[in-house]
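Input: a single structure, listed below in structure tokens.
Every chain is named by a letter (A, B, C and D) in the order it is written, and numbering of its residues begins at 1.
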Amino acid sequence: MSFHLTPGAEGLRTRLFHIIFESDTPGSKAFDIALIIAILTSVAVILLDSVESYSDRFGHIFFYVEWMFTLLFTVELAVRIYCLERPTIYLKSFYGVVDVIAIIPTWLVLLVPGAHGLVIVRLLRVLRIFRILRLMEFVGEARLLLDALKRSLRQILLFFCSIFMVVTLFAALMYTIESPEAGFTSIPMSMYWAIVSMTTVGYGDIVPATSVGKAITMILMLMGYSIIAVPTGVFSAQVLRSIREDRYSEEACPGCGHDRHEKRAHYCLRCGTWLDEESEDPRKKEEKKDDDQQKGGDQNTSQDS
Amino acid sequence: MSFHLTPGAEGLRTRLFHIIFESDTPGSKAFDIALIIAILTSVAVILLDSVESYSDRFGHIFFYVEWMFTLLFTVELAVRIYCLERPTIYLKSFYGVVDVIAIIPTWLVLLVPGAHGLVIVRLLRVLRIFRILRLMEFVGEARLLLDALKRSLRQILLFFCSIFMVVTLFAALMYTIESPEAGFTSIPMSMYWAIVSMTTVGYGDIVPATSVGKAITMILMLMGYSIIAVPTGVFSAQVLRSIREDRYSEEACPGCGHDRHEKRAHYCLRCGTWLDEESEDPRKKEEKKDDDQQKGGDQNTSQDS
Amino acid sequence: MSFHLTPGAEGLRTRLFHIIFESDTPGSKAFDIALIIAILTSVAVILLDSVESYSDRFGHIFFYVEWMFTLLFTVELAVRIYCLERPTIYLKSFYGVVDVIAIIPTWLVLLVPGAHGLVIVRLLRVLRIFRILRLMEFVGEARLLLDALKRSLRQILLFFCSIFMVVTLFAALMYTIESPEAGFTSIPMSMYWAIVSMTTVGYGDIVPATSVGKAITMILMLMGYSIIAVPTGVFSAQVLRSIREDRYSEEACPGCGHDRHEKRAHYCLRCGTWLDEESEDPRKKEEKKDDDQQKGGDQNTSQDS
Amino acid sequence: MSFHLTPGAEGLRTRLFHIIFESDTPGSKAFDIALIIAILTSVAVILLDSVESYSDRFGHIFFYVEWMFTLLFTVELAVRIYCLERPTIYLKSFYGVVDVIAIIPTWLVLLVPGAHGLVIVRLLRVLRIFRILRLMEFVGEARLLLDALKRSLRQILLFFCSIFMVVTLFAALMYTIESPEAGFTSIPMSMYWAIVSMTTVGYGDIVPATSVGKAITMILMLMGYSIIAVPTGVFSAQVLRSIREDRYSEEACPGCGHDRHEKRAHYCLRCGTWLDEESEDPRKKEEKKDDDQQKGGDQNTSQDS
């Protein structure tokens, strides 16, 4: 998702665009950092406002700070729209929707008194941190992780499918064995218990009461405890592969088609073809010499490569 | 497990066989997806029916839906049997047994009124999802995982053996140290506690009361916390190995017997023998040229490979 | 630990020695399996005997079964001593001590009535399963794991040192912040809580009551949650290295000293020296031919290796 | 951080410096071990003193032991300062500050009666164990781990950022869904619950009461259960890379620039240049022979490398 500014845009608009939507100048980096601080502060205010003792004492301060941030984010949104030639595309994008949603609740209070509770959706704005990180130097790292995730996607799907089945079957089993008094009042409730047990969370709000139930629980817990090794193993292997392939060039050798050369390799390791297009093959020079001279002992050096 | 249809089967039977037992035509894929949806819906109905408040209100709807699915799965089973030349082999197979078990409970209600509770075994049908996944594109991924699991099987067995011993010894120790009032009423109960603690589930229904018991618990928890690194490490290594070997051809080099060539390798990396049977060795052409010409400087290029 | 039998031993003694102390004949394998079954059964009896309802009903059966196993293990111990030339070495070894300890409690009851509770130490006998596994085919797998463990030993020590310090500092912190009413009655108790939290067990018997305590707990939990990646990562890497090195021969190449050849390699990958001592280098034959013939075009094939 | 002693220091001072600040002589190793024992003992005394039943009985002994350790550590600090030419640099360093903080509380009691509670900060002294470990043989291992951590730093940051966002959003969601009676009294409290659930600790002091809340909890628990595979995978891959690169020399080949040679490699694997500066290239000798003789069949051996 990248937004382009109006071609014939005046200076201010161009400058604002670079500051807001890019992140390679000092100004745009300062804007990114200021935005993260503003988002985190507004989030902190919402969090503290939800604590009764704080909202009783500092409620009026929180009220003004909230309005200040609402105005700030509204201005930011207006500037974003002003910068872009086609603001509707931005407004329909994920971060555009989040930005609009984040300021609506406070404005809505002016019309609907009870809308204040919705201010909580502003927390969605923390997601913008991801975008800012993406713009900053985290691109490479995230790409590597996403690459590894994409590769292990099917195995992860298989993993969740297996967990779903194990959970369903154990939940049905425990529902028939355990009494509702122990908390196993329905199969969905037993599934909640099974997930709590299998993910090793173990709240303890629902625990097996019978001996058979406890024996089954032991098996489920051991399964949950050890099955996590599967996605971890798969993901470890995929990350390692991504890191390794990052080191290799994707260009095939013109000599033999081998395509796993290190990015800084000069020769093809398989057939010896010279790969580095920017410099000349030292062997060629020697061959020329060979052509000039008679074939002699120094032919060995060129053949050793 | 693959089922073959009657050789001299008429058109309908053949077509049904392909739709139900295979998954490479649009029709059979649609059938697979419809089957998964039907299974998940029938599972959802059973789950909701077990919740008292829902079964009170929608009990009669659930009743009809359940009969509908029973009829549907009965028809499906009948068609499966009709398609096959030797249905008994299918009926004795794992998925055959599951399919039969899934429809029996509802039919049994007609004979035995109390059999309704058994409807829960229909949940076993979710296991069929695995079979459908296997038929679809998940074969490669699952094979890789199973391959890695098979290789680490012994180490996993060793891991479970060790856990069993640690759990037994800690359970016996805690049974003698802690009083029955704290929940350690017997060694099996202490084993339940030990597994709850070691797998880091920690329900909190049984906790040590004495100082010595707490000290022993700390050791057990630290063991459980860190010992999981062992199967994870083993499995990671095995998955990586499986992925890597997947890249290698299993055919040995006819020149030197080396059998770890990449699947797309043209030359044997060890002795230089040409491996790709579909194309011709470029060196051979050069050799022919060499035979025609007198031995010259371009001999080097053929020796560098 | 391997025990040798009397050199001039008669036939029975030799045969018993092979059956009991080795595991490569059908007889000795049957003995190992019978011993594992006997140990597990005797363990099961002790477990069930500790459950009051079972011991009330089947107490007298358990009593006879226990004596039967005591006699059985006593006979086994006697035969072991009889087989060996120097039984004292065996009796001082780990498994010798375990074997003696396992039968003492039941015999002690004849002298001291209250000694019955000690029968629990018989559970230590389950440790013998490890020895049997070692004798059976698990040697290679265990060696690989131990190899990886030995290599990551220091990093694991460092890991436990770090955990000890984090736990101590967080425990001291929580002891000063939280009140004794919440369960933080002393620093050792706080350490128990810190380990319960950090290992993600989370019994819930001691939980922070104050806001500051909860904030500190969040940090501790996140540390415990993510720090486990460190030993897992280290161990994964070490297992992979062990597996890989298992594939390589430890013999150096006589030509260039390179010592990372695959066990089944014929040539040294670095300098081309022939490694397989059992067969002859195919190039040598060609060279002989070369000497006979005049140097010709087919010299290329021998140089390509 | 390394501290240098006064250049023209007398014999005692030099000897003390070597004993206290280094760790390669038997004397300094003994000092390190004695210091670790002293620190651990003083920590143990503080821990036991915090247990009421022990402090009631042995309070006066603990009092004297505490003063003994305070005097000991004061003398140690004085000697450290005496040894160094610029003690202020040491006193401003991390371990200098810790050393001073560790003895202040006990001395402060002489002035301020209530200061005794501060004795707990002495626990910070356990951190010195890290320094001693660093001085001892753990340098290599720690370097490897730190190297891997440094490489995965960004991915770990990304991981904690993601956790923070997931926790915030789930906390806000649960705060609106669940009632304060269930424990979800504020968003920070819900965040505490979310971290307890996501890290799989699961105290059970706050659990969802409604069905929707339980469904959301299931998703959160499954996320927490499986997301840990990400940092583990990343870290595993990085440790493996660190181990592998440790095996490789950082010196580039003078022939072709290839810089991934094993530390003990004699030839460059890519271009065949002789790397081992301490011995002579065996091929050169052969070449000399070649120059003496006429070019013959044994030319092959030198070309095969």
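In this text, a contact is a pair of C-beta atoms (placed from the backbone, for glycine too) under 8 Å apart; a residue touches a chain by one contact, two chains touch by 3 or more.
This structure is a prediction, so every number in the text was calculated from the model and none was measured.
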- Among the chains, which is located farthest from chain C on the basis of C-alpha centroids? A
- Message: For the identical-sequence pair chain B and chain C, what's the CA-based rotation angle in degrees, nearest 5?
- Response: 90
- Task: Would you mind pulling out the distance in Å between where the CA atoms of chain C average out and where those of chain D do?
- Result: 28
- Item | Distance from chain D to chain B - Cα centre to Cα centre, in angstrom | 39
- Query: Which residue numbers or ranges of chain B touch two or more of the other chains?
  - Reply: 188-189, 191, 200-204, 224, 228, 232-234, 236-238, 240, 303, 305
- Query: What does chain C use to touch chain B in their complex?
  - Reply: 43, 46-48, 50-52, 117, 120, 123-124, 126-127, 129-130, 133, 137-138, 141-142, 144-145, 148, 156, 159-160, 163, 188-189, 191-192, 195-196, 198-205, 224, 228, 231-232, 234-240, 243, 262, 264-267, 269, 282, 297-298, 300-301, 303-305
- Message: If we count contacts the way the header does, which residues on chain C are in touch with chain D in the complex?
- Response: 154-155, 157-158, 161, 164-165, 168-169, 172, 175-176, 185-189, 191, 197, 200-204, 207, 211, 214-215, 217-218, 221-222, 224-226, 228-230, 232-234, 236-238, 240-241, 256-260, 270-272, 283, 287, 290-291, 299, 302-303, 305
- Note on the structure: In the complex, chain A touches chain C at residues 200-204, 232-233, 236, 303
